[in-house]
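Chain IDs A, B and C follow the sequence of writing; residue 1 opens each chain.
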Amino acid sequence: MHSINKTHLLKYSKENFFILSRILSILILIIFLSIVSPQFLGWNNILNIFRQASIQFLISAGLTLVIITAGIDLAVGAILGLAACLSASLIVSGHLGLGIVAGLISGLFAGALNGLLVAFGRITPFIATYGVLWIAGGIGYVFMKGEVLHSFPPGFRFIGTGILFGIPVTILIAGIILVILHLLLHKTVFGRYIYAIGGNPIAARLSGISVKSKLFYVYTLSGLLSSFAALVIMARVNSVDSSIGEELLLPAIAAVCLGGASLFGGVGGIAGTAIGALILALVINGMNLLGVPSFWQSGVMGAIILGAVLADQYGSGRSLIKS
Amino acid sequence: MIIKTHKSENINSSELVAYLKKAPGALYLLAFMAIALTIWTPNFFSLNNLTNVALQVSVLSIVALGMTIVILTEGIELSLGPVLGLCGVSAGLLVLAGYPLLIAILVSMCIGALFGVLNGALIAIVGLPPFIVTLGSFGIAQSFAIVLTGGDSVVGLPEYFRWFNDGLFLSLPIPILTIITIFFITWILLYRTKFGRYIFAIGGNRLALKLAGANVNFYHIGAYIFAGLLTAIAAFIMTARNNSAHPTIGVGLEFDAIAAVILGGTSFEKGVGGIAGTIVGALAIGVLRNGLNLIGVGTEWQVAIIGVVILTAVGIDSLRKN
Amino acid sequence: MDRRNFIKYNIIVTLGGLANPIFAQGNKPITIAFFVKNVTNPFWKGCRIGAEKAAKELGVSLEVVAPTKPDNIEEQTRLVEDWIVKKPDAFVFVPVDFKALVPSIQKVNKAGIPVVGYNNRMTDVDFVSYIGSDDELIEYEASTFLFKSMGGKGKIVHIDGVPAASTAQARKKGLERALKDFPGIELLVSQPGQYRRLPAVQVFENLMQRYPEIDGVVSANDDMAVGIAEALISAGRANKTKVIGVDGIPDALAAISAGKMFATADFSGHDQAYLAVHAAVRNLRKLPVPKEIKLPIVIISKQNISSFPSTPEERSVPSWDKTIASQK
């Protein structure tokens, strides 16, 4: 138990380092953009950035936990899409509460399927979640049959478009999830186990942690959070078709990695993901404000991702690969 | 600490039986699907259809072979899709501009190799995680490809270009001949050269290699260069298939390739696996999709079924392992 | 033949000739392979419904064929090859990329299966008939409509589709052509919305910060246009900016009715598909089919929205004869 505590402290400070270095990257980005774009520092623009980052954060939140366990969840977008389709169809036929619950439950079940496959089926997370990606996507397609569902009730839309105490609700929601997950990771035994499993699964098992059940919970939680993000997105854009969520996977992973989490596990944190999401939103905002031609945008994003991890590398002075 | 060494694979009958015993679940699935489809639809087991399937998986197989090498080093290559697109449009543009085909081939392979060097250097020397590095170069390759053509396809290619897909040599279609050739080259590379031993060792225990003073980085980068080169070759076949080069034609290819590799039994952990499995994995994917089309399963259900089949194949593997 | 049989024979032939040959039933039902670009965009659902209506009327069997990955070129190539093996009686086809699918359709031609094209033209292939318009023209018409309603003066923003997608490229060219016609219109910027609502909304919110004055938005499709219209409403700028989309999906029609969105261009996929299936079956039954059927592009705005049914199911089918007659 002692050794795990110490290792955990070490990782905590490593995580702090990443956050500091990321805040530095953000400051550089902000300074650069303020110079080249006069509209950048406008209050509305800043609000937009945080709102977009909040949504990106919600999509990546559950994924962060999975990545800390040295796993991956490729089904994030598909589960989000499935949850959106199911809940939308119930909501437009008048069952708001049922729709929300159905959406969340579908995410829970899809995540649980991931968990079963990875934890108990002992299938590599990559291919397990890849299979679930197809299954969830397929069910979504079958369910929607090419339809688009739109115009949700204003009460529901509040969570995506409303303002509370002067702050957009999406930002508040993201903030709450951020705090909850941060506490989960750093103040609970479960959180310590997550890091331990990611850092050294064999040692974790040997020290008595039931790795299988923890992994199961992590993937289930990831699915639940994906479906929660789906609801917020639905409320924001007011329509759902079966393609929703398709393009969300890679940015979600990028946000987590930009936040300092290592795909080899044991490192990273939810605050890092929030910052990663913020970086992505800043880059897109910058490209829009500067009018970067559409053909160059994926390249700019790719270069920034590389730049960020490079800066990380030289900043921390040690390799991120578990050698 | 045990330093892993590779087992060289000899082909003789007892080893073959042993291989079959530990063959990936995908092989059994492939056999099952082939038999079921032959019974179920009249169209599956015809020379025409089987040739189609082989041609359809040709691009995937070649890219997946390169991906196998990378995964054996505990890495991953997400940029192969856009790199394929970039190589294809570059070759197409060069040929249209009047350069000889040989130049187009050389330049295309250089581009593939260049991305291999970029990815490999960042991963091996700098020590960055492969996933995020290749995710970054994915975006960069994609942009280059789109900018080169202004978003359009490259059309009007000379007739001889179609030889890469439609041509025959020794009465075998060129793509199939290409897979066979590349398979043998890869096999020799992996099991008969120092390069191959290093690949397995990097995947098995990179640190030990480094401590032993070996020039690990060279071979590590080499894995990514190899994947890039193979992708460049595959680009020609893809371009010929559509008689046009398109910057985003490779979208999703890298994930399919990774799936083929994993279905084939190569795992991300500790450099276990081989290229024969990859071909089986690619064939399984191809037969599955072909079968679903021939049976006439609706698209929506196809998506779900593909997921179920993938999970079944790896599930079989997992059950047998434990 | 003696006199009585001769009369009988003539009566039978005449009656047979009078009966509309299109409804004659063969022994084996005709199977049409009906291709769409994906199963996610509601536009293709509209096409599918039009095609199914035609199939039901004509008593033929319709198989809907779409790639599992939306708009995927490699997949559609495979689908065409697999379907050649299945030998349906005819293809009704739209290419996800009108250049890349040429070799595949040439293979269909070689296999002797008749092909009717719709929605996107293709060159160097043998179409029994082509029904539809094209992306370049539709965006040209939509942009022209918008610019005219702006009095030929003002600033616009273009929200593009997926970079390098053939429809996005074609629509952009249509916009550029319209811009040449209206020198008083200034294109502020063109940014990609990826054809999806969430990215488009976020991009446009960013652009609203850069450009406090936007008189019009040309959106490459309706999904994005509706989102942009709503973003304008949230920002309180809806009355200053007109948004026009393309497709005519139910979502957009509702927005136009409610006054949230300015207009859209009806690609009339439903009608195209209906007529295409008719063309394919007529061709199989050896009836005359015109080489091309151009459907007029209808701009849907508040003025004429009431005459548009909100869902493709409710839409009435075009009349084959009237459509042919109006082709002059």
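Rule of thumb we're sticking to: a contact is a pair of C-beta atoms (placed from the backbone, for glycine too) under 8 Å apart; a residue touches a chain by one contact, two chains touch by 3 or more.
Nothing here was measured: the structure is a model prediction, and the numbers come from that model.
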Two chains share more C-beta contact pairs than any other pair here; which two are they?
-> A-B
Of all chains present, which has the mean Cα position farthest from that of chain B?
-> C
Approximately how many whole Å separate the CA-defined centres of chain B and chain C?
-> 36
Where the CA atoms of chain A average out and where those of chain B average out, how many Å apart are those spots?
-> 29
Which chain B residues sit where two or more other chains touch them?
-> 146, 151, 299-300, 302-303, 306
Which positions in chain C touch two or more other chains at once?
-> 39, 163-164
Going by the touch rule set out above, which residues of chain A reach two or more other chains?
-> 141, 145, 295, 297-298
Contacting residues of chain B [partner chain C, same complex] | 43, 46, 48-49, 52, 56, 59, 145-146, 149, 151-153, 155, 162, 238, 241-244, 246-249, 251-253, 289-290, 293-294, 296, 298-300, 302-303, 306
Which positions of chain A touch chain C when the two form their complex?
-> 37, 39, 42, 44-45, 48, 51-52, 55, 141, 144-148, 150-151, 161, 233, 236-239, 241-244, 246-247, 284-285, 287-289, 291, 293-295, 297-298
Listed in rising order, chain B residues that touch chain A in their complex are 122-123, 126-129, 131-133, 135-144, 146-147, 150-151, 206-207, 210, 255, 258-259, 262-263, 267-269, 299-308, 310-311, 314-315, 318, 321-322
Chain A residues touching chain B - in the complex, by the definition given at the top | 74, 117, 121-124, 126-128, 130-139, 141-142, 145, 250, 253-254, 257, 262-264, 295-303, 305-306, 309-310, 313, 319-321, 323
Which positions of chain C touch chain A when the two form their complex?
-> 38-42, 44-45, 48, 70, 160, 163-164, 189-192, 194, 196-199, 201-203, 205-210, 223, 226-227, 230, 234, 249-251, 254
